[in-house]
């Protein structure tokens, strides 16, 4: 299994690349070796590597030299540092899990100083994910990221002096859909006008790939998706978690420290798929599909419903290599069907 | 197991009753031996009995003489006959199932002529469930039911001549939340004004227990729940299924004949629980909680979140005796906690 | 059977690519041939039980009856059932549905309308119900020889050699029927040629079927369609019955989930009105069957 | 270990109410005492793996190492693990987390600051990590006797006789330690009195602990709190370490789900900053501990 994995793993961009073949694709200006990435907040490349280092130094090095995702999406960053919600924060449920992490992060300043440099050193494109509680929050964080990126080697939205601009390696995902913070965020993503306002304000300051990540906790997602696309989003990420609740078995009080949490995992897959299918039929921008992806059949399902890229969330907890494994399996599945990636995308509608 | 079951099963209303003790409760004017009923459309008492008759005639007779529910909720009836959605109509998913049955039924005329008499002969209260595509549809069906009921022995909303009125034995549930018919129904239940309009119109013609069954496929259920209660609903049933989609494994086209379906089963329990918890905190009418109820822990959870009555849906497919079994287990669980039913209801909020 | 009950696995035997699972079910009431039971391995990761034809059953005693099922592991639920060990338990509800009523009816028709010949056509795991059919024919042949069919032909089609191993399960019953004085034969064909010439079971049927025969068929929907075509070509007087497959949630008529669209456009529940349906009801009279009962390929 | 790998069950033994599962893990890198692994039975109906202390480990060979876990079946995932048979497989990721660093540190502190005495306090299945602690002390006692603790006291508390059967697993290691020249003893107490007077492990601790001791504890949160109180009463110079429990999704620092609120209000991940924490960090200096790390009762 290790042998097989190592045999199939490419060295990332610029290397001789033994990544899954025939799966190369694009998300706006960003080229991807295959369509499988991680979902924000469910996969911390550096923490996994550090844990692996405790197990095996070489494995950790290999992991960072060749991360098991086509692009890496770090956890949401907000303007100010946040400690997140009180514990307990997670609970397994039938076919899935609830989480109420609550976007703990060091804030944009620390992010730019400490996280961004090592993110940029990864041999993969990155899609930064940002959150906030007001339109201004999103603009502020996006602007800070842009300034930082423009200042890097090869920075600036224009390609100059033979250096490749960061535009082909860095995207931005707006988390306007987190159910675990009790203002902003999800309330923005539940309203077409608010969504349009945030997206167009960020569009002003962010020249690169811009994705809006939407919440499924709405009566009708289509107007929201349309509003985001019309306001300038290059693509949409569907979906964030479904708001849920569990009680402590003994006390019969809410189990999670934050009372409610977000449901993810295989349990929600049929629900997530419905949103991707509906939005894909109504809106003409690329979609990043997610929600319970666990097997290559799930990947095919999201692609067929109209997603161009598929993200692995909670299933990556039990197997951090999952996105890469799925890419390898996707290659085989397409071969078995004698179909190209492009042919599968959207085929449920045809 | 049979012995145990038979030993614990009461003969229904008016008999010496060996039903679970200490669980007697009320839903408005209707007295229940315990708080566990079935969810509409998931349990056809007469069909189960007929199937059992093929297995064992005595079992079938016993089943109808002592149905395993505190009250019986038949499938939705609409003004006109419906054949329902094209097959396939069901698919198992992680921790649950999708269905797109589409409310097949013989229409109200047939219902009154053929179903109602045998429903009234059951030794349990019944809660009739009606659906439609316009306000007028609901009013028409409710009015037809009222006329029929007033005409029965002991009919009339007033108790006369020592006869017990049907008001203590028959309730009405408005299905304004079915995701499987593509107009009416769910769109009514997604809108507070529409909901209020339907509820108050039915309230005019229906003197008995009136429940509105709401959909979880909404951004905010609280205003809808409030609208229903303010318009005269005596209680709310929460929740109907979550809209979902699955693809055929091979063709990658929608699997269900109706394309989308409703998700139910344990997978949705944390989501359903959240709705019950939220509505219970906001609205002051009794709630019938449902969504993935499978174990006595689930029953406790729904009660603690604020449901007075709990309905078993999809889990009854694998075990038609489930509601009764859960009632027996609930009795034991309350005993073990030295708590009364009333003390558990809503305790997650306290 | 009074109730859904927790049966105990007595043994589980690999038969090529299928698994024969024998369980003891308390309170089991004898199934009619073609009836099914809803099974769910205790602790299964699947939410719903699945339908399985009763393959064979022993005598009912106060301890219950031994009942066996032939299972093709194709997905999660069948995998769970196929990997059970003796002592493991299985939730069991049945027998359910309408079986092959024709098995009873045709005994008498032999002397009157039809040829008295019975053709049993099975494809893949669709062979499962036919052992109970044979067992039941044997019982009647012994009890009332005058009511036995004039001839019984068992015609099975398989995909490959691994599937074809299940053939051996039927040989003793066919032999016993012959010994009881009913001329009976067993022919099988395999798509990959591992039983001689490669081919489909409809080739065997084309060679055998004639006016007046009664045909009972169980297999993938495509096979059933082809069987119907062959029988129509043989003449209108071939009496054809199909055991059909559909996804089921309850198996007892509650959910309305297992419906199929019949030739006349009506919907029939496979678990209650079926699983055995008259060919005419399913496919209508047209020579080009069009009423496809959904994409659930069955049995093969 | 390079990777999450599919370990093979070598044997599974019931030990009272717990189950000792020994697996062969390929590429296993030796765990430090107190480290854990994320385990998930292949085909488990649970979505997420669960954390288990490494109970014991054999030498790493090119074939992998034999590693054992002591499992108390309390819910679905532990039930799946406790019912595995030889040949079954288990997804394994580990060793993970920071172990009892004090095991290494205190060897030297014996001659200097502390008493050199090591007290191992376990409650219920919280005894699990202490076999690896003893094994590791033995190795060092043999390799470098001068670095061994001056004395090792194993103090275990159980709920009932069935739980207390696990005691037997530790006797040989304690004996070996004595034989290697390290004075070591094993005392246990049972809430139901089945090991003599009924009581809690903190009673044993109160009788034993003194200034300068190093205490390593693992058990339910209530036990840990009580251990902390007893040790505070014995004096500030008792060095106390707790192995804590929290629900985990990933076990490798990705999800931020396993955090506990530390005494200073900060959040620490049990899987990365723990599972072993200094008593002061968890409970602070107050004599009335207030920072309750959530409702997860652990280990007992």
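Lettered A, B, C and D in written order, each chain numbered from 1.
In this text, contacts are C-beta pairs under 8 Å (C-beta built on N, C-alpha and C of every residue); 3 or more make two chains touch, one makes a residue touch a chain.
Because the structure is a prediction, the values reported are computed rather than measured.
Hopping across touching chains, the smallest step count from chain B to chain D is 2.
Comparing mean CA positions across the assembly, the chain most remote from chain A is C. Chain centres here are Cα averages; for chain A and chain D they lie 36 Å apart.
Chain C and chain D have Cα centroids lying 56 Å from one another.
Taking each chain's centre as the average of its CA atoms, chain A and chain B sit 39 Å apart.
Each chain gets one centre point, the mean of its Cα atoms, and the points for chain A and chain C are 49 Å apart. For chain D, the set of residues touching two or more other chains is empty.
Contact of a single residue of chain A with at least two other chains is seen at positions 93, 95-96, 265-266. Taken pairwise by the contact criterion, the protein chains form one closed cycle in which every chain touches exactly two others.
In summary, the structure contains touching chain pairs A-B, A-D, B-C, C-D. Put simply, chain B touches chain A in their complex at residues 93-96, 98, 190, 217-219, 242-247, 249, 252-254, 260-261, 263, 265-271, 273-274, 277, 292, 297, 300-301, 304-305, 344, 347-348. Put simply, chain A touches chain D in their complex at residues 1-2, 5, 41-44, 47-48, 50-52, 54-56, 58-59, 75, 83-84, 86-93, 95-97, 99, 101, 104, 248, 251, 255, 257, 265-266, 314, 316-321. The touching residues of chain C, when paired with chain B in their complex, are 1-6, 27, 29, 38, 40, 46-49, 91, 94-97, 246-261, 266-267, 271-272, 293-296. Listing the residues of chain D that touch chain C in their complex gives 43-45.
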